[in-house]
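What follows is a group of structures, each given as structure tokens.
Both of the next two complexes hold subunit A, though its partner changes from subunit B to subunit C.
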Partner chain A sequence: MTKSVRFFWRRAFRGRDAAKKRFLAGTISPLVLYMAFWTLFPLVWGLALAFFDYSPRRAGGFLGFGGGNPFVGLQHFQNMMDFSSGAALEVQQFHIGIKMTIVFAALVVPLNMLVTLPLAFMIESVHKRLRGLFRTIFFLPVLAPSVGVAIMWGFIFHPQRGLLNAIIGKFAGKLIGINWLGDPNIVIGGIPIALFAIVIAYIWQDLGYNMVIFIAALQAIPDNIKDAAKIDGANRWQMFTRIIVPLMSPTIMLAVVLTMISAFQVFDIIQVMTDGGPNDQTQVLLLNIYNYAFRYQKMGWAAAVSIVMFLLVISVSLVQTRLLRTEWEY
Partner chain B sequence: MTTTSIPRHRRKFRFNFAYIFLTFGSLISLLPFVWMILSSFKTLREVRQIPPTLFPEEFTLDNYDKVLTDEDLPLGIFYRNSAIVALANVVQVLFTSSLFGYIFAKFDFKGKRALFWFILSLMMIPQQITMIPGYLILAKLGLINNLLALIIPAGIDAFGIFLFRQFAHSIPNELLDAARVDGASEFQIYGRVVLPQLGPALATFGMLTFMFNWNAYLWPLIVLTEKNVRTLPIILTWFSNQMVDKTNLTMAASVLVILPVLFVFLLVQRWIVEGITLSGMKG
Partner chain C sequence: MKKLFMLFVLTALTLSACGGGAETTQPSGGEEPAAGEKITIRVWTHQNDSFNAGYETLAAEYTGMHPDVEIVFETFDYDTYIQTLQTALPAGTEADILQMFGSWVCSYVEGGNLAEMPSSVISMDDAKAKILGAPIGGYICGDKLYGVPQEYNIEYGAVLFNTTIAEEVGATNYMDGWADWDEVIEDGKKMAVVQDGVMTRAGLNFTSSDGLATMFHSVYLQNGEEYLTDGIYTVNTPAGLATLELMQRLVDEGLDDPILFNDDENWVGDSYFAESSAMGLIGPWAIPEYSGDYEDVAATTIYALLPSAGAEPTFAAASGWGLTVSANSEVQEAAWDFVKFVTLDMDNAVEWNLASGTLPALAENITGANADSLVSEFPYFEPFLGILEYGEFEGQFPDRDFVWYEVAYPEVLNFLQGNATAEETLQTMESSVRGSFE
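Then we have the complex of A and B:
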């Protein structure tokens, strides 16, 4: 660099460092303040709540702690371990919540994969002009509000006026009155029938997500691999099981994790369809937290339950970051 | 006979079983919508009929008339509420995500790594853990039953910052330095150089944010308890609980709440699909 050029650069950038600093100070400090108040502070507060017997109805000291809302230490967590039949109602409901949340995810994840993987493969195999149409039809429920989905399906499952019983009745040749969402006595394999009904509605709405993710992954598989398999005489089924699924395994793993995390956090559809009933049979964790925090105002207990839920979600999330960090190659 | 190869996209229709499965599946997938729409045109007597009919025997528009003139259900207000919240959140989230994504991609400052790590870890924390204290803060600020309760705490989207950082990385430094030589201020560089480069990402992420906000249920349910400040999803469940047995009216209201926006989302579907495949993001 000649002297004059260097002089030019120095002139051009004089004050630039100061300007950058001003720019950073003007943007980063509001960000830090905002995050401190709206994320860090609630996070710490939420953790603290779990160690108090807190209700917003009672008066207390700083942030409502102390006074009518005494410190109880690990009491909430100790209570959670009480598996005796004489346990408090909230503890029994918590146990149902944990169990049903895990059962729900355990039903949703494999069923979702079983539907969406072949679905994506089939959509990719049809004539180009029809692909968009089919994809749109199966994607449509994703765009609808889950509340609307719950209301629609609630009506389909209606014992007397519902579509499902009418269809079954047509085939059976008699009136069918199964109370899908309200009969606590029909239990299949330890799982109440209302949960099955919710799983169906949930998967109906949710499958579009994984479908489009899988379609994108299918399109990313190089044609020469598929062509080579075809030349070797692979049929569609072999192509699907031996070539496509193994090549897509990183995407499938990621989809499994994401589907599981969102299944753990199910709320809308259950709150509207059954509100946890019948007999608390479908009271998943988040519904449990919502009820105790905002209906019964027992926020200390609810905060403790949300920590348990947080641990459940975070353990799966950690697997997700592991997967995201891994580099995959064909 | 000649066997010239036909380009893949012009290949003739070749039948396979996928067509049967997909057609059947499509019917199942559309059935709930069809059932909702058909039921909304039935009379009360007909929805109570056992066993139910699929097509309305007696086609009526009364249900829509009743829902639209119901003074307890001013749909216009709820549409407006939902639109205010969704639009405000799209604007602010796009602004903060693109700005801080750009800053994390192109600037160095003290504490950058720690701050970015904190934002990243927020992506893994489920919203439910800050739900209770978040409510208490808003209650202290007197913002319960105010649409601002859905807007003010939603200013930062950790995922958005992460996403835009990836995109901003690919903006050439020469472009930014050229603008600096030309004497542009740092904010001008962000607004006139960086933002246009992020255009497609803004469209994609904006649509996704709008959709999630429009359909949101849990948080609005917690902070909006008075009727006229509510957003559409909560008012729909409220209405269906009021109308317990008048399913025809609930279905008409559902059609009015769901279908118009579903149609708009359908038009911008391309961006939403792109956003989901890009991010693997879920509602």
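Then we have the complex of A and C:
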């Protein structure tokens, strides 16, 4: 043991409160080691991968770097900026991934808010005995596994055996064979129908989560404010729009940001329902990362895309901290 | 406390880095066996009961003849097997013998992980003469051989055909074998069902990923051109246009609706056995896979040979499952001897084909008594045995799955769905695949 190490050891464990320090070290170190090995190390390794043309199939040097997996610097990021029609397929799919992820989040967030906020208000308005029942009913899909939800909605949207086409067919009086998840030619307002179908399934599963947050916020609004509004003659609609919504704005902001982050990270429901199809119309960024990392073993490229995605998510988080700053409370 | 925390973090990082480094240098395989010591050969395979039953029978025969050898099998489910190979081979922790699919072999050879076939086992020329071209193609990297295929993976050449539906609708051209595509189309049109403008039964479902990509490349070959020459992928040619034209015709004539029948909806295997497709383009592995659940459909199913667009019924095929030996194995000689016993002895090879329900890779097993025994066990093999010699290995791509599933299938499907012209499709395919070589 060198002199400096001995000095450090003495300072750390033999000074005052030595027993306390030893206890802290003993209890924290397993967790720190666990986090370092399973979280910090993969994070650092993943970051480093983005600067290599790395594939686990090729022999490399230390930790797989070098050798058959050469250092490429910022090459992956430069490639991402190639917007020409002759760009490599992975670059084109990355651009599609960015676009579809943003479109997906832009659809999910307002639709989710439009459904969950009034729903929470309505549930809170019913008789106390029924509130628990409604909360349970609407929260149950949150507990369902996403793959199960995706399979169920896949059956609903099936072109020939699907419930949706069967219902439309009953009204139309003829057989309907719309392929909601697989027809690239049906586009509404520039958005493919398959993406709408996934958004519906996603919101169906996710709405209970925000609903619970909103119910908690509704319950926190003091009764005297609502009573004052009633005395002033506010009806239910005015109560909702002029009193409830403004008072809940910090909670709404929180829900918006959390929903947006979760929408950016959508993966399983899309992989099962469309696997990015038809014609890459539902190819979101996380699916793109998964495909290139684990199907095609281009882990260097996938890591670079992951960094872009991380930057996207962190930007949203920064917006969150800014928007959630409130100067008042009730 | 901050210093303490940093100490732990640094210790953890050092430990994890050391762990990662050790993995890449760890020796594999057993120690060099001393004279008289029992040799243990470890074999890795993916979990497939019939495949592994075939291996175990042959291993028992082999160890009966070589009491000094012990063969230990370790199996993995398919997805885990792929991941295990991808991590174990660069790390050098793999078994002595590795079951591989032909199209994977060269990517592992690139990493220096697989042993070259010793000429004492079989020379390259002898291997090319003894083993059919398509399966052996996957095991040849550069001008060297790295293993032996045991089966012939075929996705094109014949289609599943529902004889009951054909009888009901009076489709009879298939009975004497289709002379040309006009006859296929005539039968297919009769067998397709369209109600209120919605196709409820496809006449010929050829628009799943494997079927569509393999059909494109096979018909391209039949049209007289090679799509991969010296590592350059070329399809934007008159042969490419003629190929897409034929596929488009099948859609226009109402045999298939590529929007309702593809990989995501009405996948060919499910769709055929659920009788929402009267014909389906899929390899012969589909029958054992589905016959348990769809006994009635399987009983009246045959494989009908497709006509060729050219002079010969050439087709592209993806090699097949076979055995390779690890470059890190300490018992390479014994490992190759076992591989030779299992794969190159015609009777042992066919014994494995019979156990696993696969088509043979050995040229001598597509005719004669061994072929007869295969046909008596699997009658649906008969049409395939006659065309196996026309198969060409689909080619050494940096990533074959990328070409098939990320380029060929989506682009051709997109064309058939009416979203791109033939020229645009071929151009995109060509540039995307060439890009994957860079």
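The working rule: the second predicted complex is superposed on the first by the 303 of 330 C-alpha atoms of A that agree within 3 Å, B and C clash if a C-alpha of one lies under 4 Å from a C-alpha of the other, contacts with A are read in each partner's own complex, and residues count from 1 in each chain.
The rule is short, and it goes like this: a residue touches a chain if its C-beta (ideal position, glycine included) is under 8 Å from a C-beta of that chain, and two chains touch if they have at least 3 such contacts.
Just so you know, these numbers come straight off a predicted model, no measurement behind them.
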Open item on the list: In the overlaid three-chain picture, which partner chain does A:M100 touch, first (subunit B) or second (subunit C), both, or neither?
Closed with: neither
Open item on the list: Is A:M309 touching anything from subunit B or subunit C once the two structures are fitted on A? First, second, both or neither.
Closed with: first
Open item on the list: Just checking: does A:P56 make contact with subunit B only, subunit C only, both, or neither of them? Give me first, second, both or neither.
Closed with: both
Open item on the list: Going by the contact rule set out at the top, does A:L117 touch subunit B (first), subunit C (second), both, or neither?
Closed with: neither
- [ ] In the overlay, answer first, second, both or neither for which of subunit B and subunit C A:M248 touches.
- [x] neither
- [ ] Examine A:I203 and indicate which partner it touches, taking first as subunit B and second as subunit C; both and neither are also allowed.
- [x] neither
- [ ] Have a look at where A:A216 lands relative to subunit B and subunit C in the superposition and call it first, second, both or neither.
- [x] first
Open item on the list: Applying the document's definition of touch, where does A:L33 land relative to subunit B and subunit C: first, second, both, or neither?
Closed with: second
TODO: State whether A:V109 touches subunit B only (first), subunit C only (second), both chains, or neither.
DONE: neither
TODO: For subunit A, give the residues common to its interface with subunit B and its interface with subunit C.
DONE: 12, 24, 28, 32, 35, 40-41, 56, 63-64, 158, 160, 175
Task: subunit A to subunit B touching residues, read off their complex - done: 12-13, 16, 19-20, 22-24, 27-28, 31-32, 34-35, 38-43, 45-46, 49, 56, 63-64, 118-119, 122-123, 125-128, 130, 134-153, 155-156, 158, 160-163, 165-166, 169, 175, 204, 209, 212-213, 215-216, 236, 254-255, 258-259, 261-262, 265, 267-268, 271-272, 286, 289-290, 293-294, 299, 302-303, 306-307, 309-310, 313-314, 317-318, 320-321
TODO: Name, in rising order, each residue of subunit B that touches subunit A in their complex.
DONE: 9, 11, 13-14, 16, 18-19, 21-22, 25-26, 29-33, 35-36, 39, 47-52, 54, 96, 99-100, 103, 107, 109, 115, 118-119, 122, 124-126, 128-137, 139, 152-153, 155-156, 180-181, 185-187, 211, 214-215, 217-218, 222, 232-234, 236-237, 240, 247, 250-251, 254, 257-258, 262, 265-266, 269, 272-273, 276-277, 280, 282-283
- [ ] Would you pull the subunit C residues touching subunit A in the complex into a rising list?
- [x] 1, 3-5, 7-9, 11-13, 15-17, 20-21, 24, 86-87, 89-90, 107-108, 110-113, 195-200, 259-260, 262-266, 276, 399, 401-402, 406-407, 410, 413-414, 417-419, 431-432, 435-436, 438
Open item on the list: Show me the residue ranges of subunit A that touch subunit C in the complex, using the header's touch definition.
Closed with: 12, 21, 24-25, 28-29, 32-33, 35-37, 40-41, 44, 56-60, 62-64, 68, 86, 88-89, 158-160, 174-177, 179, 181-185, 274-275, 277-280, 291, 295-297
